[in-house]
Structures are given as structure tokens and as C-alpha cells.
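Same chain, two partners: subunit A is paired with subunit B first, then with subunit C.
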Partner chain A sequence: MKHSTRIAVGPVQFRIGSDWAGPIAALGHLYAGYPQDDTRSADATVRLFAARPWRRWLRPSVHIGGDFVVPDALPLPLSMGLLAAEMAMNLQVALGWRRHMLLHASAVARDGRALLMSGESGSGKSTLAALLGERDWRLMGDEFTLIDPASGDALAFPRAISLKNEAIAEVAARVDPARLGPLLAATPKGDIRHLIPRADAIACMHKPARPALLLFPRFGGDVAVERMGEGEAFVRLTEASTNYVALGEAGFAALTRLVRETPSFGISYPDSATGIALVEQLWAEAVK
Partner chain B sequence: MSAVQTLIDLLAERRDPASLGPGDWDGVIGIARAEAMLATLACHLEATDLPPHVAALFADQRAAAKVATAQAIWEAEMARRSLDPAGVEFVLLKGTAYAAAELSCAAGRQIGDLDILVPWHDIGRAENLALLDGWEWVKQDAYDDAYYRDHMHELPPLIHASRDRMIDVHHTILPRTHRVTPDALALVGDAIKTPGGFRVLNPADMVCHCAAHLIADGDLQGGLRNLWDFHCLTRDFSAADPGFWTVLGRRAAMHGLGAAVHRAARLARDIYGARLPADWDRHDPTDIWFRRRLLARDDWGRATHFALQQAFYIRSHWLRMPPVMLARHLWTKWRKR
Partner chain C sequence: MPDRAYRAAPPGALRAEPLGELTAIFDRRSMQTHLVVSPMPEMLNAMDDVPCDATALTARLAAVFDLDGEGDTRAIIAERLGELAAMGLVERA
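Here is the complex of A and B:
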């Protein structure tokens, strides 16, 4: 393709091609500090392309594709090319990755042990992970966490964090502006701004961490903490996994082990400060 | 050299994987994925020395293919438990059949739907049994439903409500309106049993079906994989039985598939280096269009040669139904858009 780049996030090496220079340059800014190995073959191919040749210039709209294509995925205007790239990368990992069990969950680690947070969009899992990652936690990822079926360890997928709506101002106030991407206003997912993870989080992205705590956060409402049984955590995580079925017995074994060995809680919190305090408190009990 | 050429050279063992540079693997992997052959390639190169990241990806693919194959066989077992007690005898087709019969092309082969063949007189019972046992119609409109029932070689696709897997119940191997009408009764009647107790087509019929699927039906999308099936099947069957090619020739003629099987054999020779007996080792100038269509992928895994794709798409419909019917069908489809 006309423009291309290579990005390694956690264990996944991407090859990204684009009909336009813009999205590649934007990725170049976000991923400049990630390790580069040009001799390494790509695990996943991402394509950002114009459905018709003239749509490169005339009302340019970005279709997402690659190894896996979702037939009815809507294209995005070129001004949201970075979001298209992010969605396309997620799509390839979600549908193609088989080495680990993929959980739709954010994760942070401390002292070699991991806190996993699973929830739907809007649950606050990304914001909590981003904020914890600015404190004395190592950010492992805001979107996907990989579980190694052999060891049971969590592996990081620290892509650029996708901050949404109110979370943008909250996080932007605390970080060096050079670590922020451009503001993508009024996308189908709301306002979006990317945050580059801290250099130390990127430097140790290959280091596994043993899961110690599993949280299912819910943003809004009064403070509540509810211990969750293994069965419920299991079922919720099967729904949060994109490759649980494809992994067969290995996926079942990995997930059973995870919910048996890791205490799980559902938590509600009205604001981030309370959420962080709750997390710290539950963590202190979990690793005691 | 183009990546698609490298891919077929690796499969045909014309090229040593050690000779690939670091930049060569991206295209090979991308195209193999697009052709649903990545796990096939991974199995084919299992014993060779590969760069570490390629080796790791290929190991993932082999493990995933093993799970997928077990799931496909389980789906066949589900069909058996549904149909067998009622005495509806069915024959496994395509990927599931290759896996059940433990044929070499099953190594890493992607299996989509469960394809089974039942005798025409049992098709209604097979459908009722499937509906009783949790399969349901994939939602579609009345025209599509009637189209399948009146003109196709299979029932409208059914999907299992809890396992989310599709089953295609065939009563023959080409559409009823196709210019060629294979002998469906002979296909079922001469089927053989696998050690696991499933019925599959006998070797010559299996190859005929593979060629029919590749050459006579459809627009050659995914053709590299079907041709790989054909290549592995004919290579293994002729190694086990020196008279295989003769039997195949007779059987193909009986089904009206002589031209399709001969063309598939020539393409397997040209693309995967198959060795053919003298009376099969022919040349046909029109093969070049098939070769170009099969190899129409660029290094990013994108389909190329748009006009050629369209031509093969039109050809597939031309073979499938007589012109007046085709016109009416396209008119209806167009109005529904």
C-alpha cells in the first residue's frame, strides 16, 4: 500500500497499510517510543483504504480491513483516521489472535501482580487504568489483557490509551501534553483523545504478571462493593473474551483457573477518586 | 518475486523456507490468511527451520486448527445423533469429510460449515429431524428460500441455535439447474465408511466433488485451498492405488465432470507441481485465465484483477442456470436491493 508502518504492541506485531499519509503519521507520533524490529514478520495486517479510488480525495472515507474484515463496518471520515486505525488494530487482534486468551479488560500491575478490570464501554475501566498508570502502577493495557493458557499469567497489550469524553479532561490535567494525541471530536464513539503510556510501561510490556484481583467496575451511583462468585465471574469473562470458544479446552482451563485463583468483585463508584481509593483498598486485601 | 508465487512455491516445495528474507514473510502470511490457508502452510512447514516469530505464529495456527477440527468433527457427531436413529444415511462432504477420513489435506484445513449429502428422497426427513434437534433456518426472505428449494443442490442453510454452527444439507453436489448433473444416487450408494463410522465419498467421487466445487461451481474464490485439497487427494490416492487415475477418469466421465477434473489436475500440476500420468498431462490455452484468477492477490492480501474476478463471477452464474432463468433471477435480486 502507498503508506505503511509497523508497530509492536505486547506480543503482537502489526503491519499497517494506508491509502493516506495522515493516519500513518498520527500512529507514528503515538507509537514513536515503542520497540521497533524491522526484521520481525507481522502477526496481523491492517489496511485502511478507500472503497472507491476517487474517495481518496473526494470526501475521503476510511474503510477498515486487513486479515479479517467485518463486512458491514461503517467507514470513518479521514479526519478520524487515527480512530479507524485503532479500531482496525483491535479488530485484527480480537478475531485473529490465538496464542493467549483475549479478555476485553484493562489491566495494571504492581510488584509483578496484576489487577484486571473488565466491563463494557462506559464502565470506566479504561479511565481507571489510565489514572492508576499515572500513579505507582504499571499500565498493562486499557482495552485487552492476554492470559497465557500455559502459565495463567496476564500479558500486557499497552496500546495507546483511548480516552473518551469526560475522561479526556480528567487525565489531560495530570500528564505532559506531549503524551497526548490530537483531539478527535464527535466520533461515533464520542470525543476521543489518545494517551501514550509511560515509557516504563512500554519498556516492560513483555513482562508477565500473575493476576491477583479481578474487578468489574461500574461508573456512577453510590459506592458499592460486591464479592462475585466464581461462576458469575466465569460467565462474564466468557462474554468478555473474543477467542474463548476458538481456544477450546485450553480456553476453558485458563478461564477456570483464573476465576478460581483470583478474587473477584463488582464495584460501583461515583467518581474517579473514589474508584481509585476502592481499588487500592481491595488490592491491599487481595495481596495481603 | 510476488508473495503469492512464494506461497505456492513453499507449498509445492519448490522453495526452501530458509531462503526467504525477513521482509518476505509478511506477504506470504497475509495471502495465506486471505486464502484461509495459513494453518495449512503452518502444518506443511512444521518440520522446517523458521524465523522465531514465524515459528511462533505457525505453532498458534496449528494448535487452533486442531481445536477447530475437533469442533467440526463434533458437529458431524451431532448430525449423526440426529439423523442416524431415524435411518437417514448421510455422507460427509468437503472439510469435515477430509478430517473424518484423516486425509493429508485435513492438516490445518479451515472448515466452515458442516456439509452433508443425503439421498433426495430423505431430504424432507433430514430437514425435519434437524429442526427438531435445535437447528433453525437462517433468516432470509421467501424468494431466497424458494430459490434454494427449487433450484439449488442443498436446503436453505440451517444454523444450530445453541452451538451457532451452520449445516448445509445437500442432495447432490451441483445446483439442479447446472449444465452438468452428477449421478447423486451413485455418490451416496458408493460412499465408504471411515474408521470412526462416518460415511464419506469414495476416493474417485471425493476428487470429482472437489473438482466440481472448484471448477464448475462458484467463481474460484478461495480456489487455492480447494486446489490444494485436489492436489493432496489425488497424490495420496494414486500413491495408494496405481490404477486410481484410470478409475477417476471413468468416474468423472460418468458424473459429467471429465472436463472439470482434467482442468483441476492440470492446474494442480501448474501451481503445486502435481505429477500427472501421460494421458492427463495435457495442455489447454484457457488454463491461463484460471491460473491468473487463482493467483490474483497482492502482497497485502488484497484481491487483484477486478475484471477477471467479475468474469469468473458471471461465468459461475452462466454455468449454474439457463439464460432466461438467470435473467429472471438477476432481475428479482436487483429489485430487492
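Here is the complex of A and C:
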């Protein structure tokens, strides 16, 4: 590949190659503060390549490749090269990682204990994590959380936070503009703007945290808090895990332990301020 | 309907973890996870490698649990046995 970089996010070392300089430069900005260890071998390889050699110049369009390839991955226009890089990084981790159980969940930590929030796109888990990460919480990740099958601890995957649509203005108003990436307007996922996590969150990204609270947020509607049984939490997390099946009995043991040891709630909230108040209230009860 | 006999999975083949009202069962042979509710975990616990039909299993369970409506119970146990067999958690003897 003509252009390449290496990025370490939590325990995952990425090697990213691209036919174009643009996406690599954009990643360089977002990940400038992350620890560099070029001596480590790469765990996941991501390639952004031109569909055909001449497309690199004519009508640039980015294809995603790597150790794992989804056949119908959409080519994206070059202006969205950064989004393509992010999607490709997610894909390589989601499909290839075996050392930990991977949960589609955001996470923040306080005093060495972790709050995990699992939900589909639009549930508000990423926005809540981003906003909590600007308060007195350590952001562990806005999209993926890793669970160590041996210890049961949560491990951080603090990639650049992917703010979407309304969340962009809400978060941008509170942070130093230098921590924001370019606005990627009208992507297949809507408007996207990346936020670099706070330096302290990046500095302690290798520090595990014991899960203390598990939330399944739902943005919109009246305030509601519902205690969730271990069985339902187990089912939802098997669906939220990209590698539960691949891990076999280790994944089974990790997940049963997680839902037994961690109180779980489904929460609904009409706006972020209410969501944060609910989180703080449930957290205070969980760590009492 | 004939009262079919079944036997339990070989020792160590299944790992059952109660999770509130559900029980998650990991089958080490197929690597599949099954979620079951009562009375299935109790039925599995009451079985071994000796073939056992619904009538015998109902009697075993009645000795440990307070079962009502014995006729209905046997029919339910027979149906659940068939479902456990379909999941591969018990075997036709």
C-alpha cells in the first residue's frame, strides 16, 4: 500500500494501509495522542484500496479490505475515507478478535469499576458515554468493550468517538475544537464527526475495570427504569457480542459470570441530561 | 402416543448455569448454547445413562417436587423430553 500507519487502541494493534494519503492523514490527527509501539506485530490489518487501479484518480472510491472481508461492504467516496477506515477497523476487530469477548457496548469507568451500556445504533449508548467521559468518568469506549474471560474484567477500546447527527452539536459545545475531526456530512450513517477521547482516558487505556453496572439504554420516550433478570441480560449480550460463538465455553463462562455479578437495568430517557442523571443514580446504588 | 425412552447426555457433555428463571446450557459437543426453563433443568438432573421414559421420569420428579395433576404432568414431561431430544440434550434410547 502506498500509505500506511499503525494505531494501538486498547489491546488491539492495527496496521492500516491506503491507496490515498487522505484517510491516513485524518487518522494521524485523531490518533496522534495514542501510544505508539511499532515493534509490536499487528493484530488486525485494514486496507483501503481503489476498486480498480485507475479509479484512484478518476472517481476515487474506497473499498474496505483486511484479514476479514464482508463481500457486500459498500465502496465509499474518498471524502468518506475516514469513515471507511473506522468501519474497517471495527470490522477487523468484530470478526477477528479471539482473546476477549467482544461486546457491542460503550463503557465508562470510575474508581476502577466499569459501567457498560449495550444497545443498538440510536439507543444513545455512544452519546451517553461521550458525555460521561467529559465529566468525572474515564471513557473506555463508545462502541466496543472487551471482557477478559479469565478475570471477568472489562478492557477499554477507546477508539475515536463517532458522534452522529444531533450528538455532534451537543458534544461539540462542550469540548476543545482541537479534539474534533472533520464533519463527514450525509454518510450512509448520517452526519458523523469524530471526537478524540480525553488524554487521561487514552493514557490508562490498558487499565482493566471490574464491571459494576450494566445498562441497556433506549433514547426517547418517558423516563423508565426496569430491573433486568440475569437470563434476559444474558440473551441480550449474546446478541450484542460479535464473537460469543467463536469463543465457545470461555465465552459462555464469561457471559454467565458477567450477568450474575453485575446488576442490569433497561432505561428509557427523553434527553441526555435525564439519561446522565439516571446513570448517576443507578451507579450510586450499584457501588454502595 | 408410545412412551419413548431417553437417556442423559454423557457425563461432562453439558454445562448448565442457572440465570434466574432461565437456565443456560452449554453443549460441549456442539458448542451450542441452549436456554431452557423449568421443568427442563430438573428433568436433566433427574436423568442418567439408564434409559428412562416419561412415566418413570415423572415418578422420579414427583419424589422430589410437589407435582399437581399427575396425568397432565406425564404428558408435559413427554413433550419436554421430545424437545430436549430435538436440542440434542438427551438421546433416544
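Convention: the second predicted complex is superposed on the first by the 288 of 288 C-alpha atoms of A that agree within 3 Å, B and C clash if a C-alpha of one lies under 4 Å from a C-alpha of the other, contacts with A are read in each partner's own complex, and residues count from 1 in each chain.
Quick note on the criterion: a residue touches a chain if its C-beta (ideal position, glycine included) is under 8 Å from a C-beta of that chain, and two chains touch if they have at least 3 such contacts.
In this text, all values refer to a predicted model and were calculated from it rather than measured experimentally.
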| item | value |
| --- | --- |
| Touching partner for A:R135 - first (subunit B), second (subunit C), both, neither | neither |
| Subunit A residues touched - subunit C or subunit B, whichever exceeds | B |
| Partner chain in contact with A:R99 - subunit B first, subunit C second, else both or neither | first |
| Subunit B versus subunit C as contact partner of A:R174, first or second or both or neither | neither |
| Subunit B versus subunit C as contact partner of A:K2, first or second or both or neither | neither |
| First (subunit B), second (subunit C), both or neither touched by A:H206 | neither |
| Partner chain(s) touched by A:R47 [first = subunit B, second = subunit C, both, neither] | first |
| Subunit B versus subunit C as contact partner of A:G248, first or second or both or neither | both |
| Residues of subunit A contacting subunit B in one complex and subunit C in the other | 248-249 |
| Footprint of subunit A on subunit B - complex, ascending | 22, 25-26, 29-30, 33-34, 51, 53-54, 56-57, 60-61, 63-64, 67-68, 70-71, 300-302 |
| Residues of subunit C that touch subunit A when the two form their complex | 15, 17, 19-22, 24, 26, 28, 31, 33, 35 |
| Touching residues (chain side subunit A, partner subunit C) in the complex | 229-232, 234-235, 238, 244-245, 248-249, 252, 256, 259-260 |
| Complex contact set, residues of subunit A against subunit B | 1, 13, 15, 17, 38-43, 45, 47, 66-67, 96-99, 246-250 |
